[in-house]
Amino acid sequence: MSMNVNTRPADVMPPWAKAITLPIILVVIWQAWAMTLPETSPAPAPLKVVQSFVELTASGELVWATLQSLGRVLAGFAIALAAGLSLGVLMGSSRMVRENLDPIVESFRPIAPMAILPIAILWFGTGTPAALTIVAYAAFFPLLINTIHGVSRVDRQLIRAAQTMGISRLRIVIAVVVPAAIPSVLLGSRLAMGVAWTAIIAAELAVGAKSGGGTSGGVGQMMFVFYAYSIDLNGIVVCMIVVGVIALLIDRLFRLVERHLLPWRN
Amino acid sequence: MPATMPKQRPLNAAVLPGGERGAAVPPQAATAPAARYGAGLFLRVWRSRWFIALRSFAIFVGLWALLAAWVASPLQLPSPATVFDAMVGLARKGELLSQTLISASRLGVALLVAAVIAVPLGFAMALSRELNAYLDPIVELLRPISGIAWIPLGLFIFGVGGTLPVFIMTYVAFFPLLLNTIDGVRDIDRKLLAAAKTMGVTRKAQLVHVVVPAALPSVMVGFRIAFASAWAAIIAAELIGSPSGLGFSIEWYRQLLMSPKVFSFIVLIGVVGYLSDLVLRALQRKLTPWAEGLGIDA
Amino acid sequence: MSVQMIQPKPAPKLRLKGISKEFIAPRTGQRTLAVADFNLDVQPGEFICIVGPSGCGKSTVLNMIAGLEKSTSGSIEMDGKAISAPGAERGVMFQDYALFPWKSVRDNVGFGLRHGTAGAGMAKAEREDRINHFVQLVGLKGAESKYPHQLSGGMRQRVALARLLANGPDVLLMDEPLGALDAQTRLVLQVELLRIWGETGNKDDRKTVIFITHGIDEAVFLADRVVVMSSHPGRVSAVLDVDIPRPRTEEVRLDPRFAELSEEIWSLIRDEAYRAIA
C-alpha cells in the first residue's frame, strides 16, 4: 500500500538495524530508569537481569528447573498424544463415534486447564502427577481436534483411487489415510506442545502459590519462590525470558520437523 | 487454533474404506421400505444433532454417577446429584451469578483494551512497511512469553486484586488480535484494490470500503481466539492472584474441601465459555456476513 | 458397421442392464433419481465416450462401473460376471487426477503395484521395470522424483494416466481426465491418448475405454461410439457410431463428417444446456 519509493535515510537502513532499534532503545530506557532508583529497590534492571542469569546458570539451578519443567511437558504430552491420537482416529474415521462424542469434547474444551488443577490436587496431591494431569489435559485438545480433522478430511478421491487399484482396507489406512493425516497431526502436536509449556508454568506457579511452596520444582515454581520468598524480580525476569525462549525453540523445532517430514508440502 | 477450526464439515467428510460415503445413501437405506411418516419422524429425531447431544450427555452423567458410586469418596469425586444440589445452592445465594459477573467484566475490560490497542496498530503495521520493520521484532520477542509467565511480576506490580487478571488477559488477547488484523489486511486481494483504483476511488474510501471490510472477518477470528485465550488465562490469574472471580472460587472451595462446589464452578466455567463462543460466532456471522466468501467459517 | 454384420458379434466386455441410481439426502430424506434405465453393451477394445449436460449423471454411471457406488437397480456385468466392488481390472482416472500428494511421480505410478492386487507376487525389479516403462510411455522421463505439486496440469494428467496403465486394467474408466487442462494441452493430449491406447497397433491389443467428457469435439475425436445422455434423470438419449477411420490425426477435425457428428450431438443436448444456464 505505501508508495514510498524515494530513498529517505530510513530506507537506507538495513532491515536488521531497524529490527534491533526499538528493543535497544527500550532496554536503554529501562536501564536508565532503574539507575535512578535507590540501590535497595527490588525493581529489575537489564544489567542485573544479566547478572542474575549468569549466577542462576552457574549454580545449575536454572538448567535443572528448566529440565524439570520440560520433562513434565514431555511426559504430559506423551499421555495426551496416546489419548488424542487413538480417540482422534476413532472419531475421525467413524461418523457414529464422532457424532456421539462431539458434544462431550466440545463441552470440556472451554474448561481451562487451570480450572481442573484443584481436582488434580484433590486426586493426586501437589506433586508431579497433578502437574502432569494439567499438561496432558491442555495438550489433549489440540491433538484430538487436529487428528480428527486430518483423518476425517482425507481426500475422498484418494481413497477411491486406492480402492480402484484393488488395495485392501488395511493397506488403504496405512498407505493413504495415515500419510494424509500426518500434516494435521504434526500441526496439532506443535500447538499442543505450545499450550503444554504454558500449562506447566501455570501449574507449577499455582502449586507453589497455593500449597505453601511445596517441593514441586520447575521454572514456574522458581518464579513463585522469587516472588514470594526472595523478592528477586531480576530472577523472575530471567525465568520469563527462559519461558519465552523455550516456547520459541519448541515452535521452531516442530516447524523444522514438519518441513523434513512433509517434503510434498513445500 | 481450536477457535479457528471451521465448524462446517464438507459432504466428503469421514471416509474410511467401507465407511459411509458422503452424501450417497448407504445401500440398506436405499432399499429399506420408505419409512416416511411415523418411523420417519422417529428416525429424524433419533439422528438429530440435539438428540444425539442429549443422549451423549445422559450417558456421560450416567458414567460419572457410576464412577462416583464406585470411588465412594465425595471429596474426590462427588456424584452428579450432589454437584447439582451444590449448584442450585450457589445459584440461590447468587454466588454463581456474582462471581461470573466479576470474571466476565474483567474479561470484557481486557478484551476492550486489547482491541482498542491491537486493531488500529495491526492496520498501521500492515499498511506501513516502515512501522512494521520496527515493531514486528518486539512483537515476536514478547509473543512467546505466555501471559501466565507475567503473573509473578504482575503480582508484584499490581498486588493481589482485580487489576492483575485484567492485565494478564489484555496481554494474552493482544497478540491474536494484532496478528489476525495484520494478516487480514495483508491478505486483501490486490485485484480488489486495483479495481477500486480503476474506479477512481479516493484513498480514504479505499481504506473504508475495501481494506476494512476485507480485513474485518480476520479481525473477528482474532477476537474469538483472543477470547478463548483470555478465558483460559483468567482462571489461572484469578486462581493465583485475585480475591474474587471464578478462578478464585474453585481454589477457595478446594481449600475448604468442598468438592461439590469446586465441581459446580468448573461446570460453570465450561458453560460460560461455551455460550460465549456461541454468541461470538453469531456476532461474527451477523457483523461479517461476507466472511464465508473469503474462506473463513464462523 | 457392415464388418460387424458379417463377423459373429463377440461377447460384450461390459454389459449395463437397466441401471438406475437414486440418492437420498441423509437428513431430509429427499430422493433424487440421478440415473434411470441405463442400458449399454461395450465391446472389448472399444472406445466409448459419454457426453451430456452437467449433472446428467455421467460420473455416477462411471462410478457404478468402477464399483465405487452401488446401483439402486439393474445389473452391471464385466465378462459376464456381476460387478459389486472396486477392482484393479477396472482402472479409474479421476477428474482431478487423485494423485497422492506425498508420493513422488514414481511412487504414484507404482502405488497400485506396491499396495494393490496388480503387483501381488511381482518381484521388485519387475515392478521397477514396469514403472519405468509407463513413465516413459507417457513422456515423464526425468520427472520421476518430483512431487505432484511441482508439476503442471498436463504433467499431472500424464502421471495419472501412467498410474492407470501400470496397474494393467482391462477396462479404463476415465472421468473427464482432460477437463482441467487448457485448450491447447487438451488437443495435444487427445492425440497422445489415442497413441497410448494403441490406435496404430493391433485392434485386439486395445483396452476397453469409457471416457466421460463434456467436450463434444473431444468425444467425436476419440470415440468409436458416443453415448449422449440427457439429465433429470440421467438416461441414454442416443448412441452414435463415429465412422471416422483410425488412426485419427488433427486433420480429422476438418472432415465434414466430424462437423456433422458434432452438430448432431449438440442438437441433442442444446436445449438442456440452454435450460441449465437460464
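Order as written gives the chain letters A, B and C; numbering starts at 1 within each chain.
Note that in this section contacts are C-beta pairs under 8 Å (C-beta built on N, C-alpha and C of every residue); 3 or more make two chains touch, one makes a residue touch a chain.
These are the chains along with the protein names UniProt gives them: A = NitT/TauT family transport system permease protein; B = Sulfonate transport system permease protein; C = NitT/TauT family transport system ATP-binding protein.
What you see is a predicted model, and the numbers here were worked out from it, not measured in a lab.
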Centroid comparison with chain B (C-alpha atoms), farthest chain
C
Please give the pair of chains with the highest number of C-beta contact pairs.
A-B
Chain centre separation in whole Å, for chain C relative to chain A (CA means):
50
Gap in Å, rounded to a whole number, between the CA centres of chain C and chain B
48
Separation of mean Cα positions, chain B and chain A [Å, integer]:
18
Multi-chain contacts only, two chains or more: what residues does chain B have there?
21
For chain A, which residues are shared contacts with two or more other chains?
155, 162-163
Residues of chain C whose C-beta touches two or more other chains
68
Can you list the chain C residues touching chain A in their complex?
66-68, 85-92, 94, 96, 98, 100-103, 111-112, 114-118, 147-149, 167, 173
Complex contact set, residues of chain B against chain A:
1-2, 5, 9-10, 12-22, 49, 52-53, 55-57, 60, 75-76, 127-130, 133-138, 141-142, 144-153, 155-156, 193, 211, 228, 231-236, 239-241, 246-247, 250-251, 253-255, 259, 262-263, 265-266, 269-274, 276-277
Given the complex with chain B, which residues does chain C contribute to the contact?
22-27, 29, 68-70, 72
So, in the complex, the side of chain A touching chain C is made of residues 155, 157-158, 160-167, 171, 175-176, 179-180, 182, 262-265
Show which residues of chain A lie in contact with chain B when the two form their complex.
1-2, 4, 10, 15, 18-23, 26, 42, 44, 92-95, 98-104, 106-119, 121-123, 141-142, 145-146, 149, 151-156, 159, 162-163, 169, 172-173, 177, 187, 191, 197-198, 201-202, 205-206, 209-210, 220, 223-224, 226-227, 231, 233, 236-237, 239-241, 243-245, 247-248, 251
